[in-house]
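Common to both upcoming complexes is chain A, partnered first by chain B, then by chain C.
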Partner chain A sequence: MFKRHPLLKYYLKKIVTYIVTIWGAFTIAFFLFRLMPSNPIDAWVKSLERQYSVKIDRGSELVDYYKEQFGLNGTLWEQYVRYLYNTFVKFDLGPSFINFPTPVQELLLARLPWTLALMGISILIAWVLGLLIGAAAAWFRTSPVSGWLTNISIVLSQIPPYLIAIFLVLFLGYTLKLFPTRGAWDAQYPVGLNWNFIQSVLWHSILPASAIIITSLAGWILSTRSLIVTILGEDYLMYAEAKGLSPWEIMTRYALRNALLPQTMGLALTMGFMMSGQLLIEMLFVYPGLGELMSRGIQVFDYNTMMGIIILSIFSVMTASLIVELTLPVIDPRIRKEIMS
Partner chain B sequence: MRFLLSCWRTNSKFRVGIIILAVLIFIALIGPIIYTPLLKGNSPARPGSFARWMPPSLEHPMGTEGLGRDLLADYLAGLGTSLTIGFISGALATFLGITVGFFTGYKGGWVDAILTAIANMWMVIPAYPVLVALAMVMPTINIYTMSIVLALFSWPYSARTIHAQIVGMKQLSYVEMAKVSGQGDMAIIFTEIFPNLIPYLFMGFAFSTVGAMVSEVGLEAIGLGPANIVTLGLMINYANQWTAYSRGLYHLLLIPVGLLVLIFMSITLINRGMEEHVNPRLQTKTEK
Partner chain C sequence: MAEQNLKTLLTLKNLNIWYATERGESKAVNGLDLEILRGEIFGLAGESGCGKSTLITGVMRLTKLPAHVQSGEAIFHASRENGQEQVVDLLKLDPGAMRPYRWRNISYIPQSAMNVLNPVLKVEDQIADVIRAHSSMSKKEAQARIGDCLEMVGLSKKVALMYAHELSGGMKQRVTIAAAIVLKPDLLIADEPTTALDVNVQRVILQELTDIRERLGLTILYVTHDMAVHAQLSDRVGIMYAGGIMEVGKTSDVLSEPLHPYSQALVEAIPDIGGERRRIEGLPGAVPSPLNWPPGCAFHPRCKRMLPICQEKRPDLRELKPGRLVACHLYQ
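This part shows the complex of A and B:
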């Protein structure tokens, strides 16, 4: 059957890899955390002891009760099987410790829109601008402006966004007091769909968003430029030019079109990584997204919340790359041909 | 070595990068000579060695900070540790990556499938939460443990690059020739494949070094790293804690951030220079 349907075999292989990789990453992350010499209950008991200088019996019923609530009872293997079952069959990530007894999935859902909106929109803006500027830099590649643009992008692309963010906070936030530097909206406005609130949300997102846009823009400019420079050297473009097509037609119909495919794939993968990629930005701006949730969870060693964020991140990265791999043969005839042969 | 020399001769980005990096390494190396007499036998990381917030003087050329440590010593020691962590971790990650990438790329088959799957699983786990948790359970982590932990999370990237290169190279005619002529696997790897991989090894090393430093500084700057080692990231965190902005003490922030930007910039320029040397089409001054 697979001999006659190589495409089917390709799809099946990709889907199996998807499932196995998610399971494997889940397992590695689970054991990494459980093997660390601390857990939320012990950490909490210890801090209570220090705070009130009392001795708490580690084997007491109360401690046992909470260990059971957090799924920390039984052997490591039992804990693993139970957690695996709860996560993938019941979609239950367990109660959170930082906000007991709210389930982790509810906390994640409340934070997700903030992260998605801030990161998603910033990444998209950077991508569109990067594609356009990169194409222009490739077309005018002999001009000094393009050279300088490329050099500046090379330097910017490797500077981590949080360093840029610190600079923005320093100059635009504190010194010039142009933009707010903490949170996602002004507390004086009620949360909801009213103009004041929306305006305040946009206003607060300017600094964190520009930190992300500046660094990722540089990366997109560089990759688009090198893709298009390579395409511009091809013979069929010489032919197109000789045929008398205008530079605009050559750019849009030949060069940009060819560069669009790898760049769209890159965009999909970047979107997948956005859950975990910019956690530090959120922490720095105290933005109510997943990153800020993680920084709170980690301080009390909240397994469930940390695992929840990690699972969400693994899932989004893998799903993004699965979508890329499944659509590639549909839109790119070269890859379809390769699979068929 | 010959590869690096020819990069130096032909590429100006590479030259600028190397010069900046060499100056930084030199400053870090002679750092102890400068700050040891200033500290009067204290270690740079020890809080309360001197009075707090002393203005610059002959004894403390840059003054002291909010924990009573000499600022100049902080920066010199921090530059040293940050570079050390970056280089050790970069070297480790590259070594692990080469070993796995070589082995899987050359052998192929089941071993390849399993190791590649494991590398992919590692890669999708976000490193920050795990690193932060590790830093919390190991409060007295030293720079070597820290480098190892950082390397553990970046090796899959270099493994993947090397793997892709080897798979491509394996099919080249001169490798096929060597196989037909009866050379052993090891001989082929070291005489036919390895020399051609050298540029990619250097690029992988530069990439991992930057990656390790970015993670390390990220953790420290947000205040989640170990506080017993002075690094540039920790200095950024202190600058934040001491509200350097509102007090107008901009240098507290600008110096460590500036040093880091210089390090990242120099390594990126070196990397880009090597890339352009291997693939001349990327050059900014391409003529038609």
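This part shows the complex of A and C:
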């Protein structure tokens, strides 16, 4: 059957790889957490003792109860199988420490829209801008403006994202007091679909969004420029020019179109990586997304929450690359041909 | 072909196209004169590196740095829709003003068709876009036209829906020929379109080109180093050496009785069609560098019949008898 349907074989192979990789990464993350020297139950009991000013016997039923709650009872193997089952069959990631007993998946769901909106929209804006600017820089590659643009982009792409974020906070936030630097909206407005709230959300998103856009824009400009400069040297571009097509058509249907493929794949992968990548920005701006949740989880060694975020990251990275791999043969005839032969 | 009353289509006058290099100007096309007549197949012959591709990229206004058109004229008699002729100097046009002449009046078959097709567009789309850019044909008419042209070059209509990677080298070359004739241009420039192909395919394609010329009444400027191809295809032939034209005449005349000593050596060395690029025998010395052409006649260091004047004065391309031009002091 596979002999006659190489595309089907390719799809099946990719999906199996997807499942196996997610399972493998899950397993590694699980055991890494269990191998860490710090004991989450100990930390939890200590925080209870502090909170209620009592002394709790480490062998007491209360400790056993919490062990069960957090899935820490039984052998390591039992814990692993139970956690695997709860995660992938019951979609239950266990209770969180930072907000006990709210289940981790509920925390994640509450945070997810903020991260998706801030990161997703910023990355998309950076991508579109980067593609257009990069294409223009390639088209006018002999002009000095293009040269300067390229040099500035090279410098910008070398600056760590958090430095740019810190600069924005300090300069535009604290010194000039132009934009708010903390949170996602002003607490004086009720949360909901009202104009004040939306305005406040947009206003608060300007600095963190700028930080993300500036840091990724340079990369997109550079990669698009070099891609298109290469394409402009191809024989088929000279041929398109000989055919007397309009410069606009040559730029769009011949140059940009051929660059769009790899760049779209790049966008999909970036979207997958953004959860893990933008942690620092959310922490810096105290933005109520997954990154900020992660930093709070780390402080109290809330391994259920941390595991939850890690699983979600693995899942989104893998899903993004799976989507890329599954759509590539659909949109690029060359890759389809490669698979078929 | 009734060659007596052929009108001029393209005249090149004192054309200079140079490459700016670190070691100075490389004069790849050096004071070249040429006239192409409407309706003929003109063969441009000459060894590798003598400037053939540089010349035609210049005529098509596709010269890219470091190459640049230093001076010269390219007077072209473009036919307009109203049946009138419009005379332009292609080299004086603004880059944008050249566009209406592209493909409608001058089309092109590239030296290698391997990479000239956009890998992500279907064959049909890549021919349709040129139709859209230069004519008011409807989509239906365009599709029919593309199908006809593909069949004219011996391809199936189905090729229209294929991508470049689904085509063999010969098929790609045929697609570029089909694309070149789709708007029935005045002039079709073919730069060694068959060198990358095997001999049998080459023969068939040459025959097809001849047929197409008969059917559509095109003018073809056919460029190749291969004299055997010119013998089969060209009505007239021009011999190029060191960036200039050495001799022009009816192909049969030039082949049977070459006048210029360089043409004589070239004709003696003719192998079978599609044969190896053989070194021209009986010619001492190496091809000179375009960075530093010999003074006087550029051919004099290798010429068996050199006269004293050859080292000092460059001979003009003169008409010796009707239709027979030669640039050599032996005949002046």
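The rule is short, and it goes like this: the second predicted complex is superposed on the first by the 330 of 341 C-alpha atoms of A that agree within 3 Å, B and C clash if a C-alpha of one lies under 4 Å from a C-alpha of the other, contacts with A are read in each partner's own complex, and residues count from 1 in each chain.
The rule we apply is simple: contacts are C-beta pairs under 8 Å (C-beta built on N, C-alpha and C of every residue); 3 or more make two chains touch, one makes a residue touch a chain.
Predicted model only: the values in this text are computed from it and were never measured.
Colleague: Looking at the superposed three-chain arrangement on chain A, would you call chain B and chain C a clash or a fit?
Modeller: With chain A as the common anchor, chain B and chain C both fit in the superposed model.
Colleague: Of the two partner chains, chain B (first) and chain C (second), which one does A:Leu280 touch, if any: first, second, both, or neither?
Modeller: In the superposed model, A:Leu280 contacts chain B only, not chain C.
Colleague: Looking at chain A, which partner touches more of its residues: chain C or chain B?
Modeller: On the superposition, B touches more of the residues of chain A.
Colleague: Quick one: angle from chain B through chain A to chain C, Cα centres, nearest 10°?
Modeller: After superposition on chain A, the angle is 80 degrees.
Colleague: Now for A:Met294: first (chain B), second (chain C), both, or neither, which partner does it touch?
Modeller: Only chain B is touched by A:Met294; chain C is not.
Colleague: Touch check for A:Tyr254: first (chain B), second (chain C), both, or neither?
Modeller: In the superposition, A:Tyr254 contacts chain C only.
Colleague: Considering only touches as defined above, state whether A:Tyr239 meets chain B (first), chain C (second), both or neither.
Modeller: In the superposed model, A:Tyr239 contacts chain C only, not chain B.
Colleague: Could you look at A:Asp332 and tell me whether it touches chain B, chain C, both or neither (first, second, both, neither)?
Modeller: second
Colleague: Thinking of the overlay built on chain A, is A:Thr264 touched by chain B (first), by chain C (second), by both, or by neither?
Modeller: neither
Colleague: So, A:Asn73: does it touch chain B (first), chain C (second), both, or neither?
Modeller: In the superposition, A:Asn73 contacts neither chain B nor chain C.
Colleague: Given the touch rule stated above, what does A:Asn99 touch, chain B (first), chain C (second), both, or neither?
Modeller: Neither: A:Asn99 stays clear of chain B and chain C.
Colleague: Aligned on chain A, what is the least Cα gap between chain B and chain C? Give it in whole Å.
Modeller: Least C-alpha distance after superposition: 5 Å.
Colleague: Provide the residue numbers of chain A that touch chain C in the complex, in ascending order.
Modeller: Within the complex, chain A touches chain C at residues 234-236, 238-246, 249, 253-254, 257-258, 261, 332-334, 337.
Colleague: For a test of understanding, state which residues of chain C touch chain A in their complex under the given definition.
Modeller: Its residues touching chain A are 60, 62, 64, 98-104, 107-108, 110, 112, 114-121, 129-130, 133-134, 163, 165-166, 176, 179.
Colleague: For chain B, which residues count as touching chain A in their complex?
Modeller: Spelled out, the residues of chain B in touch with chain A are 13, 117-118, 120-122, 124-126, 128-130, 132-134, 136-137, 210, 214, 217-218, 221-222, 224, 236, 240, 245-246, 250, 253, 257, 260-261, 264-265, 267-269, 272, 281-282, 284-288.
Colleague: Quick check: in the complex, which residue numbers of chain A touch chain B?
Modeller: So the residues of chain A in touch with chain B come to 17, 20-22, 24-25, 28-29, 32-33, 36-38, 141-142, 146-147, 150-151, 154-155, 157-160, 162-163, 166-167, 169-170, 173-175, 226, 229-230, 233, 275-276, 279-280, 283-284, 294-295, 298-299, 301, 306, 309-310, 313-314, 317-318.
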